Amino acid sequence: MKNLKWFVLAAVCILFAVSWFAKASGGDGVDNSVLDAFLVTLAAFLTLAIMSFLYQDNPYYKFAEHLFVGVSAAYWMCLGFWSTVVGNLFPRISEGLSNFFLVPYQPGPLNFFFAIPIILGILLLMRLSPKGGWLSRWPLAFIVGTTAGLNFVRYLRSDFVKQISSTFVPLVVDWQGFGHFFSNISLTAGGPLVMMLTNLVIFIGVFCGIVYFFFSKEHTGVFGKASRVGIWILMITFGASFGYTVMGRISLLVGRLTFLFTDWLGIIG
Amino acid sequence: MKRQIPLALVFVFGLFMIFQYFVPHEKSEWVYEFLLDWILVIGIFALALGIWSLYKVSVDKIRARKENWAYSYVTLFGLFVMILFGFTAPNGESWGLYAVFVTTAILTILMIIQTMVAKSQKGLYLGLAGLFLAASVVIAIFDGAWSFHFYTAEGLQNYWFRAFFDHILIPILSTMFSLLAFFIASAAYRAFRARNLLASLLLISALIVMLRFNPYLQPIMGDYMAKTSNWLMNVPNLAAQRAIVIGIGLGIVATALKVILGIERGYMGKG
Amino acid sequence: MRYVLRCVLVAALLICGTAYAQTEDMVEDTVMTAMAPAPATNVNAFDTDNDHGHSVTVTWDLSVDDGGGTGAVTGYEIHRWSPAEMVTLDSLRGLLSAVEAELPNVADSSAEANLRRDSLRLRYAALIATSVAVGDDLDTEMKARRAAVKEAFLAALDGLPAAHARYPENGNWQLLGKVAAGVSTYSDAGGKEPTASSFIPDYCGFHYKVHALTADETVYGETAPFGPVECYGQWFNTGRVPVLLAVLIFGALTIIFVSIARRGADLYVRPLAGIEAVDDAIGRATEMGRPILYVLGLGTAADVATIASFTILGRVAKRVAEYQTALIVPTYEPIVMTVAQEVVKSSYLDAGRPDDYKDDTVFFVTQSQFAYVAAVNGIMLRELPATCVYMGKFFAESLLLAETGALAGSIQIAGTDEIAQIPFFIVACDYTLIGEELYAASAYLGREPILLGSLKAQDYAKAAVVVFALAGLLASYASWGHVFTDLFKVTN
Amino acid sequence: MVHNNVGVIITLLVIAGGLVWLLVRSFRGKEIDRRVIFLFIMVSVAAPLLATITFKFTATPIVEALYDKIEALPEGSTVLLSFDFDPAMAPEVQPMANVVTRHCLEKNIKIVFMCLWATGQGQLEITLDQVLRRDFAHKIDGVDYVNMGYKAGNEGVLNVIVTDFEKMFPTDVNTTPYGDIEILQGVNSCKDMDLIVSFGGGRPGIKEWILFVGDPTGVPSAGGVAAVVAPQLYPYYPRQLMGLLGGIKGAAEYESHFRERHPNHADMDTPAIIMMGPQTIAHIVIIAFIIIGNVLFFMNRRRGARS
């Protein structure tokens, strides 16, 4: 078994080398530079390494996974540094730094306020010290407080007031008396009957759905029935949206395979 | 003291945020934007905290020789190389001694890690670290081909930074994402079984929608399939979405209020 | 004598002039009346309400030739009188940004760089009185220029109100925009930053006029100027009164029920299958001697979902401590990690097993979505947890996690408020808390009367939604219905 | 329906055979190992790519409408193409953008590119590389087409450009002043466009284009959107929305429709048509697995009932 492992490793290395060489020497018709050949091969092998996870966990997946973790962390760190610290903070606090990093210095009378987030940030790092850990609650409190305040009004507006008003759909569409209604009753999508049914379904759906989300009342009797209907409608919805996403997901895989077949192997396209 | 001040902060800032929502005036707007900037800045420190934790977790793993400890070296390598690339760039066409610098710098870090994890001969590793550090510093000073700041209008300019992004980050990322294609299939196989009423509803509506999206089953099913699935998406879906949204919205509002009033303190680490 | 002569001469000239002018006028008139459409009437301009200022709304009554009449009107042009100072301001703005753009590359001594700087110097000289020594030390020179330009810019800014008050001397009409025929309102909204080219100053007396256009743009009906009108920011947004009411009502509800709960009335909460399952799951893990994986999702410590998840984590950790099972909590966000550590630590304390707590139970992975997933998936297949709990914010990774968990043969309990992800959890997990149930769960577990109280308040709010919706339905048939429905109209 | 081709037949046989075999096993109540499912998905996606299983497409009216519209536009008329999507949507939407752009260029129609999404710029660049710079190198920037880039402000942007394009886009991406761009002479607002096509379907997207631009100005508007949002847009067709490409399928229909009628583009790359093969087959496979799963379930239950 152990030998097998080394054998596989050797095989992979040889394959890598071969593919690198092939691409570099333009074996696939396209003449890449040695460097590009290496990078493309690398990308291809990492792709395969991740896919090998589908069979089972293995050293190659572990390698890709750990590399990914490290590189991505660094990537976000650099991006954050250059966009926020350099782009956002230095221009406000120090002319020297902004000149060093080639960003226009924006002096302002109230820039000294930016000391506060810096201090809060340092307090956040106090988490690392065994003693001052409790200090790190201050920045946390600041963030949580502001976010809570924001959420409070935003959601009250968008999910409460707005939702109520958007439920104001007339159940009876352009009602012109029973005679008129029954005389031209039709099942076409635009017809009044269908429209009414639709609006009715929507209303009942919303109603039952909300009933399902009642927590402080036992779901028994009529109330229970309504909540049953509610969960049915939820399930239908979930099924539908699952079905919807299938297509998009497949195209993701197509994208990856196209990369392998085209950019790496160059056998299609 | 340890709890009161944070609670006070939460209350004050929460209240202000509610207040400013109703005050369109420039001044309140200004404070509002200022606060958002603050959150950004604090976020960077959080990021630093994260990098540190990642480093610590990996080093601990190596020191304790936990299973798969060796892979932590890969993580650390990726981390530090990428950071180096992210903070340096060539000034002109030539790279000068950049490669040497990167190597020495990485070796320095490696040696430092070794000194942290090693059981014996810490001194040796430390010495080596110092040596490599000195080397890299010397290069950094005397090699004019590259420098430490490279932020241009186009953004991060280091070729290798981009190369790592395009040929390591993106392939792995999108492959992880594309695994969904497989998992969506296995999940469907496993879960879409008419065990009970709810499961059957799930199954049926999913099937209808999938059939509607399959161009070559449509002729068989006829236009009916498309109509039904559209109806599904436009009518029950709308209703359910609205019900959920209202629920979630109120939940968020209530929690936010509890947080501001200091009733809900989960975020302060008291379960 | 000579004086008289001069007077006569002047008089004669005047007469000729006016006569000529009149003939001119007559010609003009005949032309105009022949083709010009009737102008728009009662132009009115006022500060746009409920905003931060820097915006004026212009309204007018349609020209009679718009639609009706000759029907010649194709649209309307809105003009604002802007004093010469506005132009100066614009050029100063341009220069300022140019100087600032140039500042960083003073080191650059290439030909084109020098060219740029020379052109800057010229523009500068054209605009600013105070000259700056053109020295070898570019840096100081540029800095001095920037300072001077900024000063001039601010001065020009201060001068604007006076300049507008001077109407109509030394200024000209500036075309703001066109609207199609039949439209009778235009919002002249600009940026609030003086450095933005779209900047519109507050507290300046603007004057507006409207042209009724025809196919031939030389022919139009022009209204009399309207003004002066100032724009300024408001201190209260009346458009959001409904939200304010909602805030008050909801806040009151919560406080009332919380205080009721404090007084110790026991409030019912319907059982949640997902949460009931947690305990059994932990028991199962203990029997199998396998760990429990708790994923807090991708949310920040400020996300409500994450806050709720902390409470649940506390409960789980307590049980885990009692059963002495292993717990794994990989986190995506450093702050979340630190909080989670405290939560777990304190739960171990509550369980009376503080020394069983290990610092590496809760650890940070990485702050990149798919790297996090990759790592957690790896953990699942290596540690084979008996139970996986996913509570919090989840995005595309939901199915990746849940399926890998199923692959590892663990019982899975999920809960999220990300509507798009709920279906995947429903499909792939054994128990799923749908949306609000996640929040309710934390109250249900905590069993703290206060939390239950606010849950009650939420339920009443939901009831209110239903009631209002019904009322709205009925109202939409009554003649006075709009009065009611308008209560819920949130403008801007 | 399927191009005659050995590889194709083999793949289809393999997949179909495998599924039948699994079905038979399932009647004996044998569960399927997850890896088998993965394998099937892999094959059903990879094989069509390798064997280039492509299906013939007949454009549905809603797609044909857009094609005919562009076909009917006289040379030198101006079309506005707005790229309002991000990499996540790209697999579905990029092909539409490419083929429509190609069609316009082929018909010597002037194109004004813009983005309501910041991420749209990157996608726009891709289209320019894959279509314009590759197959229409002779087209001149500023004369045959112009790239106005991205402007923040969502509906706000639309509200402005509906009356005054220059106010929102004083320059193009290369900071060429509006006045110096030949193609934009005589273009003051969206009213002067002959057609507006928005690719994306997120928010802001075609819906906003209809409400803020299409309806007020009466300029014919069309769109290319991800399959998921298409149903929400059908109600607008045909009055406010003169044509719509819904998902990969719509794109594929347009591609084949275009390729048939423009033989000089016979060898153009048709990502949508290519992607349609895997899509379709994988879909069928997944559905098949669902059916097998249920067969299994009922079999086991009956067995359980018997014993």
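Each chain gets a letter, A, B, C and D, in the order it is written, and its residues are counted from 1.
Just so it is clear, a residue touches a chain if its C-beta (ideal position, glycine included) is under 8 Å from a C-beta of that chain, and two chains touch if they have at least 3 such contacts.
Every value quoted in this text rests on a predicted model; they were computed, and no experiment measured them.
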Where chain A and chain C overlap in contact partners, by chain label: B, D
Chain at maximum distance from chain C, centres defined as averaged CA atoms: D
Between B-C and C-D, the pair joined by more C-beta contacts: B-C
Per-chain CA centroid nearest to the all-protein CA mean: A
Chain C-chain D separation of Cα centroids, rounded to whole Å: 30
Chain B and chain C, separation of their C-alpha mean positions in angstrom: 23
Centre distance in Å when chain A and chain B are each reduced to the mean of their C-alpha atoms: 10
CA centroid of chain B to CA centroid of chain D, Å: 29
Two or more partner chains touched - positions in chain D: 34, 38, 41, 45, 227, 247, 282-283, 286
In chain B, residues with contacts to at least two other chains: 18, 21-22, 46-47, 49-50, 54, 68, 172-173, 176-177, 179-182, 184, 186, 188, 190, 192, 202-203, 206-207, 210, 213, 229, 233-234, 241, 244-248, 250, 252-253, 255-257, 259, 267-269
Residues of chain C engaged with two or more neighbouring chains: 240, 243, 247, 250, 301-302, 304, 307, 335, 338-339, 365-368, 370-371, 374, 382, 422, 424, 426-427, 434-436, 440, 455, 458, 461-462, 465
Touching residues (chain side chain A, partner chain B) in the complex: 39-40, 42-44, 46-47, 50-51, 53-54, 62-82, 84-89, 100-103, 110, 113-114, 116-118, 120-122, 124-125, 127-128, 134, 137-156, 158-160, 163, 166-167, 189, 198, 201-206, 208-210, 212-213, 230-247, 249-250, 252-253, 255-256, 259
For the chain D and chain A complex, residues of the former touching the latter: 35, 38, 41, 45-46, 49-50, 52, 91-92, 226-228, 247-248, 269, 274-275, 278-279, 282-283, 286
Chain A-touching residues of chain C, taken from the complex the two chains share: 100-101, 103-105, 240, 242-243, 246-247, 250, 267-270, 300-304, 307, 335, 338-339, 365-368, 370-371, 374-375, 377-378, 381-382, 420, 422-424, 426-427, 434-437, 440, 443-444, 452, 455-456, 458-459, 461-462, 465-466, 468-469, 472-473, 475-477, 485, 488-490
Residues of chain B touching chain C in the complex: 18, 21-27, 29, 46-47, 49-50, 53-54, 57, 60, 67-68, 172-173, 176-177, 179-180, 183-184, 186-188, 190-192, 202, 241, 244-248, 250-259, 261, 263-264, 266-271
Of chain B, residues touching chain D in the complex: 181-182, 184-186, 188-190, 192-195, 203, 206-207, 210-211, 213-217, 229-230, 233-234
